[in-house]
Amino acid sequence: MNDPAPIPVAKDAKTNNALRLEVRSLSCARGGRALITGLSFSAKPGEAIEVRGPNGVGKTTLLRALAGLVRPVAGAVSLHLKDGTLAAPRGQHMHFTGPEPGARSEETIRQSLRHWAAMWGARPEAAEDAIHRMTLTRAADRAVRRLSSGERRRLSLARLLLQDRPIWLLDEPNSGLDAAGRALCHALITERRATGGIVIVATHDPANLDAASMIRLTPGAVA
Amino acid sequence: MNQSHAFMAVVEREARLAWAGGGGAALPAGFYIGIATLVAFGLGAALDLAPKLAPAILWAGLSLSVLLSLDRLFEADLESGAIEIFHLSPLPLDLMITAKITGLSLGIGAPLAIAGAAAGLLLGLPAETLFWIAIELLIGAIALTSLGAIAAALAAGLRRSSLLVALLTLPLFAPVAIFGAAATGSAHLGFAAPGASLLLAITILAAIFAPKAASAALRMALE
Amino acid sequence: MNDTAILHRYANPKAFSDLAANVAPIAGYIALALFGIGLPWSLLFAPADYQQGDTARIMFVHVPAAWMSMFVYACLTGCAVATLVWRHLLAEAALRAAAPLGASFTAVALITGALWGKPMWGAFWVWDARLTSVLVLFFIYLGIMAIFSALEESGKAGRAAAILTLVGAVNIPIVKFSVDWWSTLHQGSSVFRADGPKMAPEFLYPLLIMGLAYMAVFFWMWMIRIRTQILLRRAAALEAAR
């Protein structure tokens, strides 16, 4: 078994408190229904946040609002980078993984990862390294429609390795993964935190992240 | 520059998927020839009318063939979450759509133009004009794909949206079909044909402005 | 009260709904009165056309309908801009309410035009620039209505329809100027011209009265339909809250 390739680390691995994700009075709605009202928090490098709550309460909506994919009803999200500047738009400094694989059913793993690497201007070898690290080597030339749910989830997680981005927004990253897969996901998250990133995980299942703060969403309010 | 790499990556992916995935370019091209043949059968004894009717048949057939390919533009990527990941890339949404339109046109434009020229031959058009006809069909395919992208974006995310897309594309395709048929009718005049310059004009306008309208619509589909 | 304050006051759906409830009947009565004058005047008292005889009287039904088909689209464009820029629910309701009315006027124009075309040109339909662009306008109206019906539940219908409205607005100058830019079978502009109307007063005045009558009918029906939209939305909100 070869050693897994390391994630490209940030040049400055010291925790630099200038990196900060700030959320002020965020209110989100979906389909006309208010899901989140007046949420405020901030996150520093190395922090992990678990967003917990039952299905349909708004965890995914919150992550998407943080990524800038949905416009919030009220409030603001701002990302301050390591050099103190304000990132606008902030999407390019974030990785987002949702339930879908992010590739069409006829695309292969290799094609999809190479495409994203090319699109983000990552090193061309990054796709191969990611395939290797996520133990997808044998399935690399299989089309998405013929992948198991674990392999699809690992494909989404492989995207995280293509480019070094400080913020990770992971929506139910463990779903569909077996024990080895969960361990791998946990290792990735730990490494990202150790190199000064911020990881926000939405889950309705205890993700056992060490020393994570928690945001608990309940229907109709936020705690 | 980040954006030009990202742009080319999207073009390459879209062209590759249009060419290879799910029947590839053969499907719209085959459909196009099929329609022309059906009409020729329908004319029956009045087959000597075919050359006069050919421009209309060619452009109606082109419109239908492009319509068929439009749902590849956004549906599959929306479902697979790829559009969301595009959002977190350095390419602004309207450029991403321009790239997709370019890619799709590259993928199906040439096959459709060739299929149309072949259909023109079947319908009795003089062989010397076929080159100009193919060029006009190629330009028309670009216009139709751009305008169709607006309709596809408006209906994106809806189940069974094909009927809505068809209805929306009707007024949008009409001018292209009108100018194109006029140009093809006098194809022996090449670019001096009436309608040819209008066809070019509408193609350029569509290529510039349609992505903006489509990106506004797609942004709504994301929320 | 200055102008912007008035605008803001009636931009509130409830205030507008009450305003509409009062104004609509007035518009209705005005419409009735104008039709009461216009119809007899145009159909009975205006002189017959020296070439076409009484068939030309269909002009008094056809032309105002055509005017309205474009006027309503202009209103739709205004609502579309308001929907996209200010996300105003009232603008969305107005857009939704006006679209079928515009489609109806366009249909009346197309059908009466075809009925007039048969005796005048010998054909019910010709593919000249004016008729074709009006037909395209009709399909755009249908498309807007289709968007509202298809995207109903997602709540995005208003903005999607607004985008389509703006895209389709390109067609309006084409409809207007088609008779100037291309050699068409359809008659050129005789009323809305840069150098004033070219029509004889005996025809012009009843035509204008009919035009105003159509406009009054439009406002009457539009007010009622907007109010209905507002009430439906309120009812839906109450349902959801239960």
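For clarity, chains are labelled A, B and C in written order, and residue numbers in each chain start from 1.
Here is the rule we go by: a contact is a pair of C-beta atoms (placed from the backbone, for glycine too) under 8 Å apart; a residue touches a chain by one contact, two chains touch by 3 or more.
Since the model is a prediction, treat every value here as computed from it, not as a measurement.
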Comparison of A-B and B-C by number of C-beta pairs in contact, larger one: A-B
Central chain of the complex, centres being mean CA coordinates: B
Chain centre separation (chain A, chain C; CA means) in Å: 51
Whole-Å gap between the CA centroids of chain A and chain B: 36
Computed distance of Cα centres, chain C from chain B, in Å: 32
Contacts with 2+ other chains: residues of chain C: 154
Of all residues in chain B, the ones touching two or more other chains: 223
Contact set on chain B toward chain C in their complex: 150, 154-155, 157-158, 161, 164, 167-168, 170-172, 174-175, 178, 213, 216-217, 220-221, 223
Interfacial residue positions of chain B with respect to chain A in the complex: 2, 5-6, 8-10, 12-13, 16-17, 20-22, 76-77, 79-82, 84-91, 222-223
Residues on chain A engaged by chain B in the complex (per definition of touch): 64, 67-71, 91-92, 94-96, 98-107, 111, 115-116, 118-121, 144, 159
Residue ranges of chain C touching chain B (in the complex, touch as defined): 84, 132, 136-137, 139-140, 142-143, 146-147, 150-151, 154, 156, 159-160, 163-164, 166-168, 171
